[in-house]
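Here it is: the structure, laid out below.
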Amino acid sequence: MITGISIYEILTVTSILFFIGVYGFITRKNLISILISIELILNASVVNFVVINKYLYPENLEGVLFAIFIIAVAAAETALAVSIIISLYRQIGSVEVKDTETMKY
Amino acid sequence: MSIDYIFAIPLVPLTLFLLLGILYKRIKPSVSGYIGVLGLLSSTVLSFVAAYQYFFVHGKVNGVYESMVSSTVWMNFTPTLHIDMGILIDPISVMMLIVVSVVSLMVHIYSRGYMKGDEGYTKFFAFLSLFTFSMYGLVLATNLFQIYIFWELVGVSSYLLIGYYYTKGTAVAAAKKAFIVTRFADLGFLIGILIIGYYTGTYDFQTLTDPEGSAILNWGATSFMGLSVITWALILIFMGGAGKSAMFPLHIWLPDAMEGPTPVSALIHAATMVVAGVFLVARLFPMFYFVENGFALNIVAYVGAFSALFAAIIAITQTDIKRVLAYSTMSQLGYMMLALGVSGYDGHEGVGYMASMFHLFTHAMFKALLFLGAGSVIHAVHSNLLKDMGGLRRYMPITNITFLIAAMAIAGVPPLAGFWSKDEILVAAYEHHKLLYFVAVFVAGLTAFYIFRIYFGIFWGKETAYAHPPKESPLSMTFPLIVLAVLSATVGFVPFSEFVTADNVGFEAHINYPLAAIATLTGLIGILLAWAFYKKTSTLPDTYARTFGSFYKWAYHKFYMDEVYLFVTRKILFRQVSERIAKFDKKYVDGTMIGIGNKTVLTSTKIKGLQSGRVQDYAYGFVVGVVVLALVFIYLWTN
Amino acid sequence: MDILSLFIVIPLLTISALLFCKNLQQSRIVAMIGSFIQLGMSINLIFSYFNERLVNSDIMVFTRDIVWFKPFNIHYNIGVDGISVALLALTSIVVLAGVFISWKIKDLPKEFFISLIVLSIGVYGFFISIDLFTMFVFFEIAVIPMYLLIGIWGSGPKEFSAMKLTLMLMGASAVLLVGILGIYFNSGADGGPLTFNILEIAKVNIPFEAQKLFFPLTFIGFAVIGALFPFHTWSPDGHASAPTAVSMLHAGVLMKLGGYGVFRVAMFLLPEGALHWSWFFIILSAIGVIYGAFAAIKQTDLKYINAYSSVSHLGMVLFALLMMNATAWNGAILQSLSHGFMTALFFALIGMIYERTHTRDITKLGGLLKVIPFISVIYVIAGLASLGLPGFSGFVAEMNIFVGAFSHEEMLYRITTIIAVSAIVVTAVYVLRVVGIMLMGPVKNQTFLTLPKVTWYEMTGIFLLLIPIIAIGVAPLWISNMIIESLQPFLHGVL
Amino acid sequence: MSFNDILVMRQEIVLLVIIVLMIIMEIAIPQNKKAGIVHLSIFLFGLHTVIGFFVIDDKSLFGGMYRTTEMIHFFKNILNIGVFIILLQSAQWVKNNLISEHRGTEYFTLLFSSLLGMYFMLSAGDFLMFYLGLELSTLPVAALAAFEVSQRKSSEAGIKLILSAALASGITLFGISLLYATSSSIYFETVSENILNNNLTILGFILFFAGLSFKISLVPFHFWTADVYEGAPIGIASYLSVISKGAAVFILMVLLFTVLKPLMQVWDKLIYVIAIATMFTGNLFALRQQNMKRFLAFSSIAQAGFILLGLLIGNQLGAATVIYFVLIYIFSNLAAFGVVQAISTQTGKESMTDYEGLYRTNPNLSLVMMLALFSLAGIPPVAGFFGKFFLFTAAASEGYYMLVFIGVVNVTISLYYYLLVVRAMFLRKNENPIPFFKNDLYMRLGLLITVAGILVLGIYSPLYEYIYELSNLIN
């Protein structure tokens, strides 16, 4: 609980964070950058959960617990994604998004 | 009197047809000829028995020849409206039985000689039997629908027989034309039947033609465009009759129908089938007469008179003897229609009706004779054209004599058959309608002229050099000629008016001497003119043809009726309607259906860019989807 | 096993027997035996029906009701009345004739006969169903084998035609499905449970609004397979590409599903909707009648001529159905039967001609009467039957239709009736045109002089179809009585 | 909490045991006998499937985080059968391609893990369990999609799947956080009590819905589908198209019909719109496809659109028809994928043109394929017809006639492209057809089960009645 800052400000920040992540996902050319953008999106949610828990429903820790799990899962996700990217890199020597467009239409 | 044995009259030819049709190839031609003749002979005998029984044994009951019916329900439309099949015996049907039997028998006998050696010999007799059966059915019909059924069947037998020489293009075309034109007329007939059935609730002749019956009394109940619907129905039914009887303007099929074998022309297109229209009008005569004060009957009269004149003029100019005879038939049929059209109902008033039937009767004899004679000639010279003939009297004496008798009969030379009947017609016309009387007299003159034109042209005229000298036809052909010649000469003496009248009461007819004299005179003038023109080779015909100039040309080209029809059918119906519909169907109707399919596939190709293969575009779509949905549901579709 | 379920079971057994067949010889014998049993059963059914009628006055007899999907109240519910009995007989005859005509099928014979029989199962099932759902199931079963039948054994642009036909018919059945669902969900309007049972629904007063909405859907859904203008275009292409037996079955039987469905579902269950919409569909079907006939005039391919002729004749069926009286309905059913036999006969003959001359273009044919007289004569007879000559079934049917249609006094009915009647002339034109060009005239091609004669199996096929045409045409009373009797419940719905 | 309570989780436990066993076996079995892994896994999983049919009591564990009901149990059984069929169908492929590289066990463990995730997702009693299950079901599949390391397409498929899935789960999470904000809890029961129809809830719901729609491949969240199916090994593609989709449909249905029921007037419109978009998009894209996997991918998108017709009405009827349809869909689609798998494993051919003339060389495979396609298209008497008809019935029961109409129009479009395959197999003749080959026993068994399912499921009405009774629980 931070004095002078209500939940609205924080939610605004997380929303902006969320959309920055989305923007990054859509515009980055590199697969790794996209992964980083995804982390932003996930973190926006993490912050959301914590803040909502803290500000609105402080009696339970549901949100906080959720946040912890998200962090853990996000790590697994990233690990998997990176390993796939490596596998891809071995074959085509690139981690650019434009090189992953052989299948379309 | 029991009339059930009369059922055998039509059933014999039907059996013959099935027998010959099924056995077709397994039966020797000579045998099939004999079977046909014998079968017909039995029918003929039965017909005469029936006539004798009806007129003389049974006789009049309460002063009238009553109608006798034996019928069974063939199909139900509604519990009250049904088609019956059966026989109706009354004076005209008995008279028609005689006509059909006699002519058909003669033609059967004749055909045995005429068709000898033809590969379709058995088929020919099968078709003839089919026709005879249908014609019997027609004349014996008890109701409108039955008559329509047999009407169609005679139509199809006519089609089959005209197209008998099916490898010949013109025969095929003629057969098709005959069927389609009459079919078109039948369309009117059918609609007329439908109207009658709907408004009167019955098809039965007896109910319909009862002058005291509701069908006639209530004619004014419903009207359409100023006329009673019943009148409309009668006009439409007359259209059917006009089609079969080759009345202007539905006559165009008849001359072409001469492509069929000559015996067929004699039987179907001269004596029997073509009079079906006249018979139909006569059958419904009380309706024609009483409904709307004979409005429809007037039309019959005018159409008949016009056709008579029209055909007679054309007949003068034609060079194909069968076509001349065909136009002559049309002209005579016009006569009969005219007679019906000017007839009254009761007693002597009904002289027109009687005369029409009488003329039908005599005409059948002499016109069949004319055709058979012409057939005999054609058989001998292998040509239909007048220019290929001439001086045949020396080679074919019997044919010559019989043809002459027939020609005189049709020209109205007393005391041959045609004189009597024609005289009655003229009387009727004179008494009821002066203008039509003059037309009729004029036509009588023309008739005499054209018939003697061909007579002289065939048997006298120029001496033609024949590649093979023509021979007189065999006995099987000359025998019918002789029989018919005798009949043509004598049937005029039958006291017809005592048997066949509109009210079935009968009256005594008297010769109207002044009128008879005028008619005879006119006929003689015609004959004399023909004698002058055609007895020897002369330039007179050409001169006069030139004098009449374009009129002659028009007449020679049958007043371009064929061309008009061709224009309507080929140019308008086929090219404008049919072809357009076919194209429209392909292009627009089918095109729309295929277009829907093609558009779908095209859309599919157009939107394929959405699936770009780039994961970021997918994410973009994802996010845009979410945002749009969120906006829509939060701001637009709020509750 | 009840007498009607056998109509499903026997074909199924035939199919299982066919699965074990090795070659053409075996498969055609099996198919023939199977179809013969069917024919025997349907003839037996006619007699049993007459006997049953004496003691049983239900709308449907020989009924059997087994609950199928209980939550939806779907039943396997079958039964017949006079109409279905007649149409079942038609089906079994045409199927048997079809087997005979396909006696020499070369490619994949086993599969051919299996598909043919699957199709017939669909048709049989459709005609005996009382339950809308069952009916719909069989309807689709009947349609889908067409794709394979045309696609594999057809000729010309067969893939295209098969696809077009299937899609248009399935599209129609899609529309129909909406209609059926609409009926189903309104079948509880009187407070009863929802039901697919036709007889039950007929007792319910479905609200007028619903009738107005669902009648056109149901009508069009069925009428497309009955070649309603302007949804008929699948038929010319389909027929032209289909192998002979398939054309026969298709035009002879399958297209009858349309009229029957319209009658039994659309008109029977939604009578007020029918009255409301009849003017519109009367116009369409009257156009179809005359349009089909005119379009037939200009065709040169025999099968196209016949296909358009079917459009015209079946337009007459729909037209008659919309007239809503017993006479016209009787005519419609008779016309269905008559057209079924006639057009099957036509297609059989066309197939024989094609097999011999390898062309269906009438301008290339000529003088066939001389070289293949039997086939040609039968063709003439079929042609005459088709143009409504008395003595053949077409006449009886058409006259009933005309008389029935004429018993309406309104101008629209009068005009459309006269238009429909005038088709008899146009029909004469195109029939005689073909006869004139193809059968008569000189022999056009010298190679035709050696054409093989008609074979016994072809003849059997021909007579199977010809006999009913003549039987109905000469003695219509027994069959029309059977039909009229069955029309009574329908009349009560309408009036 | 007693031991008996733990047994409520029997499905999960058994599966977990199998996974562990597999890992042990991987170590225990010598290299040259690794092929036995395939048999073993199929045997074990078959056993598991059979065990699954024993009844489990309705119960909830861990304070409501985990719950099971007869219906959820039934869902799991359906998924079991599906996975079992996939195992049978992909056995040959695993033997040929993976065993030699010693990756067979991985394949099975990953597959089972994903299934385990689905179990948890289905049994979830709160959003946390749901989320974990969702991720557990997705991530192994992404790994599996990229399993053919030698194939570029496979890796591409993997990366596309993992990135899309990550984005989807990010968005879902954001949505869940918003729902949590408005409803005070992540427990479903509490959520359903507190949920209100306000804008924030709607936003949260839509974000959440998008995440699940991603798994079901609803438009516009479907883009990954075709690419992933095409690139991934066929077994995985079929797994994605039936199991993953089926599970997501089930959980979505449960959530919509219970927890989110108060929002019905929002989501019925939402589903209405998305159903139309999905049907059209799936069908229109499927029209042009030549690659069989891609073709089936779009077909499965279209099928998802049809499923929505049943979801739309949110009652017992809707639930029953949806479950029924999904069950049938699993069998039909697996049959189709099975044939593709068989042909691809034997000849490596996956294009529609390669299928030309197939009937003449491999009639049985062609017939299976035809039945499968007819079932997908909804042609009687095969099961798909009944499934679709009932879906339409469900939609019509609430008066959505227009939607039904659009649906049936789409059925017609779909029929077109299904018939294209039939055309290739039956109508066309090929100079160089796929030669005749014999499938191994597993493949044949797999296809046989699907065919039996296709033929029987529809006509055998007690099944539907059972499902209908089962769906009663949802209200």
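Lettered A, B, C and D in written order, each chain numbered from 1.
As a working rule, a residue touches a chain if its C-beta (ideal position, glycine included) is under 8 Å from a C-beta of that chain, and two chains touch if they have at least 3 such contacts.
Predicted, not measured: the structure shown is a model, and the values here were computed from it.
Two chain pairs, A-B and B-D, are weighed by contacting C-beta pairs, with B-D ahead. Here the spacing of subunit A and subunit B, counted between their Cα centres, is 96 Å.
Note: centroid distance subunit B to subunit D, computed from Cα atoms, is 77 Å.
Taking each chain's centre as the average of its CA atoms, subunit B and subunit C sit 37 Å apart.
Chain geometry summary: the mean Cα position of subunit C and that of subunit D are 42 Å apart. Residue positions of subunit D touching 2 or more other chains, listed in rising order: 159-160, 163, 167, 171, 226-227, 288, 416. Among the residues of subunit B, those in touch with two or more other chains are 597, 608, 611, 613, 615, 619, 623. Across the assembly, subunit C contributes residues 167 that each touch 2 or more other chains. All chain pairs that count as touching, in label order, are A-B, A-D, B-C, B-D, C-D. By the touch criterion stated above, subunit C contacts subunit B in their complex at residues 164, 167-168, 229-234, 237, 291, 294-295, 297-299, 326-327, 367, 369-370, 384, 387, 389-391, 395-396, 399-400, 402-404, 406-407, 417-418, 421-422, 424-425, 428-429, 432-433, 435-436, 439-443, 476-477, 480-481, 484. Note for the complex: subunit D touches subunit C at residues 317, 320, 374, 379-381, 385-386, 389-390, 392-393, 396-397, 399, 401, 404-405, 408-409, 411-412, 415-416, 419, 422-423, 426-427, 461, 464-465, 468.
Every residue of subunit B that touches subunit A in the complex is listed here, in rising order: 608-609, 611-616, 619-620, 623. Partner subunit C is touched in their complex by these residues of subunit B: 73-78, 81, 83, 145, 148-150, 152-153, 156, 159, 163, 166-167, 169, 172-173, 175-176, 179-180, 183-184, 186-187, 190-191, 194-195, 197-198, 573-574, 577-579, 581-582, 585, 589-590, 592-594, 597. Residues 18, 21-22, 25, 31, 34-35, 38, 41-42, 44-45, 48-49, 52, 56-57, 60, 62-63, 65-66, 69-70, 73, 76-77, 80-81, 83-85, 87-88, 90-92, 100, 102-105 of subunit A are the ones touching subunit D in the complex.
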